[in-house]
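Chain naming follows the written order as A, B, C, D and E, and within any one chain the residues start at number 1.
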């Protein structure tokens, strides 16, 4: 196991929604240049953990560290400026905006710098061309680049959301089931992208239900069951069955 | 250019087309309508609704509603009239009105956002009531206070190049808001918040401040509307702006924006306001009696909106035909 | 030579309908006079009345007879005067404005004093009075209350509540009910317009208070007050003479346009109406 | 039962608790408030708002809004008064009013749904205008028409067992709507349409008819409100119901329902209506002057809604504590 | 190939959205007792075809037959009463209703029969207990059976939607990516359910991007590419590669 300081560490995270104990003391660490698979059955608490890390929910108890330093991630903006990017399960796309506008939403390229942020002028042309480049590099086909994303297919939308996170990630990228709605080709592209992000030295947390992808990509896997961490191992063909029984809780 | 693509181009001009149709019909009905004097009248009569509707539009862009604009405007004119009694200075009086408007807007926004209210309806309804009460309480003699500095009067009541000065105020406000919403970061954020508030939070947009600022701008617009109205009447009155909230919301919606949030632009508010102004003016010119005016306004509004629905439908059809040919 | 006039009233209630009908009768009786009519939508529709004045000028009228809904229409009237239009005010004055050719009015303040005088004659020191106001901020309606208070001077009456009714019967009932509940010893109610007076009459009846135990005075002699006076629940009201007002106003305007001299103040009068003399005012 | 779970039970009663707090405060301020006569007064004064608010609530459940209720009610009283001049029969007069209300509602619903309008705001604003105009036009002398059959008068103005008859009308309407929304298929459909309109289409619910029927019922409630008001004043008038649309929407929202659709129940509308009635009554009893009344109503409404927000927050906290203990 | 009358047949379906040709003449047939996999990359037109069959969209051209008889499926209600049930990609669940209420939404158990449908009284208890049974049989764990479905996890929601279609299907069940958001255990349950539906003699149209599932379940596969049918075959391990190249359009 990697002994360097993890890029992202979570200690004893607890989160409760009313009567539901979504997280009951989960700890994990993601290191730069590795893909950590976060596994678990439906309702295990994976999305909840992700939302706590990315500042959408606040933890009831526990601590989050970036590069070994405890940080207060109280808002999504704080998470983003700490270098953590997230692709949410519901994508968080704006139906009324174009792909390029979606890309830069919340951190528009703008100037001049001496103005307060809200009053800066948008550099629309620069944003359009950068976004087009990225989309192109990912070989995603979009019907129209200047139309709102409202009517794009599930796969097209997912591709836009993944590309957005890839573009802005500095330290950690979290992907909550990024290939769930994708076809073969787009899935492949997302997986390649994840490998590329890893090569760039980012820490990646990948949530997926697809065992093939886990075995292909993940350097390590953490398994949640009903809000508890029940296992951690290096997934490969040989221990696939063990992993599956951890996930469904048959081992307990 | 084929017939279809020409038709398409015409159709895409949208509610403007409906307005144009309305103007053609009316100018056949009454010869007074297209007189230059009357056009200036319409512009002057519409100025207040147009200015306030543009602010309302921003609030509607964020999925909200501002019921307080009319009462806010009344309060601002009263404060302006009080300021005039203290200092015969246009700067002071205008500032008093605009700042009052902005403050009321800030109260709306802050209570709504930080009071975690489920919808702005209640707080803006409450400020409607409070502002009317305050305006009546503050107005000397609880009634209209006459007198405005010269420059304010000229804003509301004088003409340059055949257009009323208030027209240029409308123009200026529209230009500023157009820059703000279309060219600045704040505008992008407003559309994002209106389009999907949860996603806006996730993307790190300061959603609360965007919301508060929309209400502040709506309040500022009410304050600017107050300047124009006070200039036009050379007075401040606690009775001004009655039902202005419904007029401005109607203008925004007739103009083609949507309650769903994140859709529409400033032009929609302007066109809607002019449409309402044109209809009222025409009914006055035609000497239609009040009862029938009410009926007619209702019917014309529905016809205008239905016309737009039909237009959208035709537009979609035409696009399909055009694509089929390509 | 033919004359074209504009005739603008405040909002749709019978009072102004009566005025309009009188003006129509005048136009019929005087073939050279053409009148175009306009009316606002409510007691607070200032912007609407301004738009009406402007469109009348556009249509080329030579004179406007108007019941100004608010003093602030003055600046628009000034513009009309600049365009050569003569203006006669009806129903109420615009204070501190000297553009008018003439004013034909019921002096609301004086009419209020008539009501106050009646109340003074039936109340004694220490009696309680509740007031149903009209639309807050509308000067002519406020005058009716202020005039009444002046007329009442001399007896030391205790004012226990003033509620706004917006001149509607619905709110008139509610406010009167609440006044009666809060003040079981209430001796008198004054309503600044007709509908709330009728509402107050109903509240008194509903509360089971005998007609003699309470004094109810209204204003306008309309909208159900007739029945209340007949039943004895309402004791008195103040009547105005809208048709006379309109006729005098239009006549003054026509004369002024024809270059004749006219009185600047024309009082169409007001009178106290009680059950005994109500037949004269129907 | 632990303290927490007791607290929880108290809290979950919701806006009722806020109403209760209001009543306690007011009865300390004025001794007249809890007099039996005053309670009947409040019930009678609130009846119209309550009945119309229940209809409004159904429309809001479907994500809509009905701005026409006040004008619709006025038109219905005028038609009722006209019917009375033709036949001195309670049945005829009541039918005339209720049917008028229902027809206006049907126009709202049908034009909105089949005219494919983007939002009911415009059409109900238009019918507001048209109904007021028609009411003024139809009313003989353009004004209040006096006279109602005895039974109608007794509905609006008489008492049984110390409660005004109108209270029993409110009760009856509430009972019917409760059965309709909670026990019948139609109610389930209404919640589904309000919750997710696209899914309702996919599940084969006759969405268009559900929407139309919500507006028809809102109109019928306005008609029933007209009966009660006409009975109370023994007259029909084109001026009745001014701003009733804002009062009823406020009642629904203050009561705790949501503009998001698919959430809330009839009780919310009732509690909200009573809350508004109690506040107005208290201000009258306290002899608060007109201007300050407007200010106070605004403030109290905000405080009531904020109280509910706080209550929800505490409730969530208490549930967590309770769960933690289990 | 099966020569009996197909339970559901589509002939030359065309559908255009503005400038986008979503379907350009697609024909297919689904037979009773078989699982037809409908494959294709993102944006190929699969969901559009499904929505046309289930009455959400109207076809621009083409015909739909049930048991060989042309039918006009102009509304979702018409599709349902023709015996076609659909699990939509976006699930079509009502967040404000409980699972049981969601189950029966649009065809509530109610009486008495002589009343018009809207005015019948709900048989809430019967609906609750039937729904609970089904949910139980599918071994889906729900946190609370009487709470609105708003806060349930993605997997729990998907399971509810699938169970609903299974319960009411008479002839044809269409599933648009039913396992996309599901964990291992829930996925398995859905697959088992599909097999059970097939055994009951229903025709099943399954849209999925998961090749494992296609090979395990599908009796036949139809592949769409940019709105056109580009292939039809019986999928098995041996022709998996051929299928993939059809999907990504490499064969063309």
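Of note:
Methods note: a residue touches a chain if its C-beta (ideal position, glycine included) is under 8 Å from a C-beta of that chain, and two chains touch if they have at least 3 such contacts.
Everything numeric in this text was worked out from a predicted model, so none of it was measured.
Listed by label, the chains that touch subunit C and also subunit D are B. Counting C-beta pairs in contact, the pair that comes out ahead of the other among A-B and B-C is B-C. Centroid analysis (C-alpha atoms only) places E farthest from subunit B.
Centroids built from CA atoms put subunit E at 30 Å from subunit A. If you average the CA atoms of subunit A and of subunit C, the two centres end up 72 Å from each other.
Chain geometry summary: the mean Cα position of subunit B and that of subunit C are 34 Å apart.
Look at where the CA atoms of subunit D average out and do the same for subunit E: the two points lie 42 Å apart. Shared interface positions of subunit E, defined as residues touching 2 or more other chains, are 19. Counting partners per residue, subunit C has 12, 136 as the residues that reach two or more other chains. Chain contacts: subunit D has residues 136, 142, 290-291, 293 touching two or more partner chains.
Within the complex formed with subunit B, the residues of subunit A that make contact are 54, 56, 75-77, 79-81, 86, 88, 91-97, 101, 105-108, 110, 117-122.
On the side of subunit D, the complex with subunit B involves touching residues 67, 111, 115-119, 121-123, 125-130, 132-134, 136-137, 142, 246, 249-250, 253-254, 258-260, 290-299, 301-302, 305-306, 309, 313.
Subunit B makes touch with subunit C in their complex at residues 32, 35, 37-38, 41, 44-45, 48, 136, 139, 141-144, 146, 153, 157, 229, 232-235, 237-240, 242, 280-281, 284-285, 287, 289-291, 293-294.
Contact residues of subunit C toward subunit D in the complex are 12-14, 17, 133, 136, 160-164, 166, 168-170, 173-175, 177-179, 181-182, 195, 198-199, 202, 206-207, 222-224, 227. Taken together, the subunit A residues at the contact with subunit E in this complex read 17, 20, 40-44, 47, 89, 141, 143-144, 151-156, 159, 177, 180-187, 209-212, 244, 247-248.
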